[in-house]
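Order as written gives the chain letters A, B, C, D and E; numbering starts at 1 within each chain.
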Amino acid sequence: QNNAGPVRIGFITDMSSLYADIDGPAGAEMVKWAVQDFGGKVLNRPIEVLTADHQNKADVAASKAREWIDSQNLAMLIGGTSSGTNLAMAGVTKEKKRPFISIGAGSARLTNEDCSPYTIHYAYDTVALAKVGGSALVKAGAKKWYFLTADYAFGHSLEADATNVVKANGGTVVGSVKHPLNASDFSSFLLQAQGSKADILAMANAGGDFVNAMKAAKEFGITKQMKVAGLLVFINDVHSVGVKNAEGLQVADSWYWNQDDESRKFAKRFFDKFKRMPSSLQAADYSATMNYLKAVQKVGTTDADKVNGELRSMKYNDFYHKNATVRADGRMMHDMYLFQVKAAKDSNTPWDYYKLVAKVPGDQAFTTPAESKCTLLKK
Amino acid sequence: MATNETLRIENLNAWYGESHVLHGVNMHVGEGEVVALLGRNGAGRTTTMRAIVGLTGKRTGSIRIAGKEAISLAAHKVARLGVGYCPEERGIFASLSAEENLMLPPSVAAGGMGIDEIYGMFPNLKERASSPGTRLSGGEQQMLAVARILRTGARLLLLDEISEGLAPVIVQKLAEMIRTLKAKGYTIVLVEQNFRFAAPLADRFYVMEHGKIVREFAQHQLQDNMSMLQEYLGV
Amino acid sequence: MSAEIILETRGLTKEFKGFVAVNNVDLTVRRGDIHALIGPNGAGKTTFFNLLTKFLPPTRGTITYQGQDITNEKPAQTARRGIVRSFQISAVFPHMTVLENVRAALQRNLGTSFHFWKPEKSLFHLHDRAMQLLRDVDLQDFAQELTVNLPYGRKRALELATTMALEPDLMLLDEPTQGMGHEDVHRVTELIKKVSAGRTILMVEHNMNVVSSIADRITVLQRGAVIADGPYSEVSKNPQVIEAYMGATDAELQGAH
Amino acid sequence: MEIFGIPHQAFLGQLMLGLVNGAFYAMLSLGLAVIFGLLDIVNFAHGALYMVGAFAAWIMLDSWGVNYWWALLLAPLLVGVLGVIVERLFLKRLYGLDPLYGLLLTFGLSLILEGVFRRQYGVSGQSYAVPELLEGATNLGFMILPNYRAWVIFASIAICLVTWYVIERTRLGAYLRAGTENAKLVQAFGVNVPLMVSLTYGAGAALAGLAGVLAAPVIQVTPLMGSNLIIVVFAVVVIGGMGSILGSVITGLGLGVVEGFTRVFYPEASNIVVFVIMAIVLMLRPAGLFGKEA
Amino acid sequence: MGKAVRLTYLALLVLALVAPMIGLYPVFVMKLLCFALFACAFNLLLGFTGLLSFGHAAFFGFAAYVTGWFVKAQGWTPELGVLAGVVAAGLLGLVFGLVAIRRQGIYFAMITLALSQMVFFLCLQAPFTGGEDGLQGVFRGKLFGLFPLVDDTVMYYIVLAVFLACFLGILRIVTSPFGQVLKMIRENEPRAISLGYQVDRYKLLAFVLSSSLAGLAGSMKTLVMKFATLSDVHWSMSGEVILMSLLGGVGTFFGPVLGAGIVIGLQDTLADKVGEWVTVIIGVIFVLCVLAFRKGIVGELLAWRERRRARKS
């Protein structure tokens, strides 16, 4: 690989579709900010950021990645949201041997059965969400669980993971109801949940489905009878639901803008530009780019294998995470958090939604080596 | 005569899309007159009627109806000048009952026929009043198409092949009806394939060929023109 | 004449929501005849045709064709038996040539119509027969013309040629001369006579000139029921027919045409 | 007491909820049927117009403080005007062509509308608060029915009935039905058909917009809310048969209820139950339940 | 065929044959060929039978999954996997056809759309598809168990051969005796019935042929891209294939190929430039095509040549 010319970083995410708000164009801007803040140059070579919209189509993501690597000598690829596209990009980068940092994919497959020596799974995965949400709540006394699950792979795995956690911690699952993707109306599912007399209603769904379900839960008075936990909720979703409706909701995430001064500083800069607060993914976009550039600086080359080696051995310390490391399977091991949505009256500033309930260290949050099928871990 | 002329067409050209069908048609119809438009299949008679009510594509020339220029008017405005059009293809609406079909055209002037009068003339229609329009037999639909414009009070009637597909007994009734209408002062343009039906009814005749009027003569000249008609129509 | 009977209906009845359009009709058509069906408007002639061709299911009664009961068959089956109905003028394929129109009908008996792997060439041997049929109706000079461009009367001729290509034993014609000028009426009448050789024709027609000149036999329907049946000369004198169909004033069955 | 193995309270509860959903199906398929009837166009943009209606209400509230009740009037009006513009600008050019072009054009329009709103407002959705007057819920004994949902059922059935009456029982309706078959001839009888056509499309669009406003407080207002719904509504229309207005309303309500019960008995299938019913109905009655045989 | 047309075809063929040598990106060209085949299959139905299917993505995407699953999970050789995909798509087409063929025109379009939505949900929920993550990591394996397909160039020529065979096959279908009947149906269906053709059966066969070919395109795509995902079965993919045909020219032979090239090329180039505007741009093209450009590019070119010839004579 040549060591001249610009260092190209690719960023492929959903810029226009379902997940554009939690990452999207603002996420791309974060990658650019990181490059800017780094000085725009590394090893005396200019840094270029390539971005593309995969429109949630795996083949668009894969072709773009392939094309960049083949014809633009891409140094490193960052994958934004959606598991399908990220799995496809992981396939390409594994074949082409380029570092790949997946930020927003939920699927734990990336570091489990489909793990690759070139993939780093940066922010969260569904296993972690289930574990963090599940264990903390059961410990806090929510023993009887009822699931409202999106009827497709990710919903199923969220429910299964959470069920394991609940049972392991001594809770029981009293029932579950599956709803179709993009259901417009959740009332009849909620009516069923209502009859279950559970302590907690866990929503194993995402995005619009979650938002609609949450609003309906409030409307039908379910939030008064039981606690509600969202297993995959971004702050943007809470914003959509409205603090009034989401009050009391328990949420797991990898980062919250209001968690410390460093985060708040980053968030303020983000807010000034986008008039909303960053999601954990957008924060991770910045962090990942910055850390990659640091690694390149350190090893003094963009050679894929050398940089990849550094990325997998260095320590990560910034506003996004502290003392984090990458495990052999590519899993970024960092703390995960359980938040609770504040009461409307306690929410003082715009987007001031969460209070911290629990902090779960990475080795408890993510798939353990024992549970994993990844061959890289077994070596 | 010019003052009580109901229809005057000058140099009328009309097109269906690209194809130029009428090439400078000239004709006039006085108030209370019955005029028959003769010609072979495809001569352009139906097109002339459609051009008058504004149902063809592009038109040029002049069409004066009761003194008002109608060439650039939209179809609904032409109708409101007092024109009733009975199309060749009948145009009965399937989603309307026979009676709704009958009541459909809005009245454009006072003095239209009453519903009972119409049912008296066409008892079949009364019997089938609640059937969907297109469930009527071919002939019944033809009666319906004629009947419905009699209701509107239009004084200029454009009747295209109204005897077609009717049993002889009904054809005779229609002939009587036209005589009655004429007596009431209606102005009528008849397009007919059935020469024997039109011949005794019309005051004047026009013969069309290739989108032009090629002959014009009055009732009393009919006998003198038979050989010419033979040539043009094969009568 | 003790000619063979090709089509027979027994008690054929069609009711529409209580309205009886065809009422208990017994009709026999003899092979080789031109058989005319006349009657006042709304008498049920078209409905009767629709029953024969299976476009409508009968309420009661049977239809026997060449000794076989075909009452419950599908339209396409009936067509393949050789009962073919000629449609109105729109019944051509407008953007195919005149020759292809006829070939379309000939192709059906070839049995290769599902063969999507065969080249078009495999149909070319039909052209001779198609040309012959076109010659029969005097259209040989228009073979390569697109059908949309034909004048009205010629389209009717093509329609007849196509119908004949199906080798029908029994042709049903519903008002074949409707809307035609005198010249064309004459032409088509002649054509019908010509093609009737070797087949049977059942036709509905209001033009009594046509009926009187070519029909071997006439059946008169009124209010769905048969009121007269027999050769033209007999039926035309039947006072009931004159009353119902011709109008009382016209003593002669000359018609208004 | 149990009905079909579920407690009768839950049964009635699900029935009510099914009706709410059915109310939306009914209103949307009604608008589709009206437009299809007169313009011979399958209005693929119907879902997008529904979305625009909801957004219009949301924007009015969010930016100008226009309350729900005014939005209920103004938003459909706005969507109706949009519809008239679309008809005058685009659809007018397609009359007389194969109706498939209308489907394709409105499909393109729906992509544009959706794309523009997505660009402007993102996809995560906006919340619209239930109007104060209709807040809270009523205990019906067998279930707690939020007042707002009761209102949706009432409003939509009222709207459907009025539309049905206008089309099937008035003179204007007769013009509409006749215009469906042969607009030119109706015009030749003296009816201002071009105006009628524009207004009809506008009215159909307004119905979609109205459904959007009614839906806003119940669901998330997102640019994508229409595109998924529209396919189900198509199926509803096929099941009902486009032949009759009342048919589309009854089918819409009925399928809402059926879908609701599926959610109880076999929730996995609730997304496809409508399509399955469609397939079965087509097998038995190709023209749909209320359609006339061709 | 005119001389100019023949020369164009020849030039394109040569270009296709040397594409990998002159630095055209083979994976991209393969993807393009797959979509071109998909569009041609679709056009067989719309352009040559007059049936607008709004659910063709179901065949394309479902076959993609079937092939992917057999190759990945069952270890079948690629040609068997593709065969399975085609058969599955054909059977699915048979089912769709039996239901949809009962109605005409826009009803047909709406019914196919609804049915394909059903397939979408099935693929979303079925255990073997990987849900919204898609079926990933399908390796091309060895053709007939012998020739490894990992090499993009080898794969490319195989895809090209399949595409050419199908393209010629469609040409043949359209002109065959069967194609003649399809033409009759398109021109005047009642007349075809009255001539004794059981038109539903012909339509059904056309539908099955078209769906099988669409399936073949999907199966090949799985092998090329090494995965099958939900976007292949989503209704927006059906919309895309309509756009391809419409843009290139419905009822022309080469139109869908050109249309596929433009749409796929556009999506690819737009991906890093306009981001969120992609749908809007696609929508605008749709509207423009319908309003001003109904014959499509190839169709307009042919019409222009026709007019010029008419003027000369």
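Everything that follows uses one rule, which is that contacts are C-beta pairs under 8 Å (C-beta built on N, C-alpha and C of every residue); 3 or more make two chains touch, one makes a residue touch a chain.
This one's a predicted model, so the numbers in the text were calculated from it and none came from an experiment.
A.B. asks: Touching both chain D and chain E: give me those chains, sorted by label.
C.D. replies: Chains touching both chain D and chain E: A.
A.B. asks: Using the contact definition stated above, find the chains touching both chain A and chain B.
C.D. replies: Shared contacts of chain A and chain B: D.
A.B. asks: By CA centroid distance, what chain is farthest from chain D?
C.D. replies: Between chain D and every other chain, the largest centroid distance is to C.
A.B. asks: Taking each chain's centre as the mean of its CA atoms, which one is most distant from chain E?
C.D. replies: Following the centroid criterion, the farthest chain would be B.
A.B. asks: Find the geometric centre of each of chain B and chain E from their Cα atoms only, then give the gap between the two centres in Å, rounded to an integer.
C.D. replies: About 53 Å separates the centre of chain B from that of chain E.
A.B. asks: I'd like to verify one number: the distance from the centre of chain C to the centre of chain E, where each centre is the average of its C-alpha atoms, in whole angstrom.
C.D. replies: The computed centroid separation for chain C versus chain E comes out at 44 Å.
A.B. asks: CA centre of chain B versus CA centre of chain C: separation in Å?
C.D. replies: Distance between chain centres: 30 Å.
A.B. asks: Nearest whole angstrom, what separates the Cα centre of chain A from the Cα centre of chain C?
C.D. replies: 75
A.B. asks: Which chain E residues sit where two or more other chains touch them?
C.D. replies: Within chain E, the residues that touch at least two other chains are 121, 125, 276-279.
A.B. asks: Of all the residues in chain A, which ones touch at least 2 other chains?
C.D. replies: Where chain A meets two or more other chains at a single residue, that happens at 16, 20, 151, 180-181.
A.B. asks: Check each residue of chain C and list the ones that touch at least two other chains.
C.D. replies: Where chain C is concerned, no single residue meets two or more other chains.
A.B. asks: Following the definition at the start, I'd like every touching pair of chains, please.
C.D. replies: Touching chain pairs, listed by label, are A-D, A-E, B-C, B-D, C-E, D-E.
A.B. asks: Using the touch definition from the top, list the residues of chain A that touch chain D in their complex.
C.D. replies: 16-22, 24, 151, 177-185, 187-189, 191-192, 195, 207-208, 211-212, 215-216, 219-221, 236-237, 239-242, 245
A.B. asks: For the complex, give me every residue of chain E touching chain C.
C.D. replies: So the residues of chain E touching chain C come out as 172-173, 175-181, 183-184, 187-188, 190-198, 201-202, 205, 209.
A.B. asks: For chain D, which residues are in contact with chain E within the complex?
C.D. replies: 42, 90, 93-94, 97, 99-101, 103-105, 107-116, 118-119, 231-232, 234-235, 237-238, 242, 268, 271-272, 274-276, 278-279, 282-283, 286-287, 294
A.B. asks: Tell me, which parts of chain C touch chain B in their complex?
C.D. replies: 16, 19, 39-47, 151-153, 175, 178-184, 186, 206, 208, 244-247, 249-250, 255-257
A.B. asks: Using the touch definition from the top, list the residues of chain B that touch chain D in their complex.
C.D. replies: 53-55, 74-76, 78-80, 85, 87, 91, 93-96, 100-101, 103-106, 108, 149, 152
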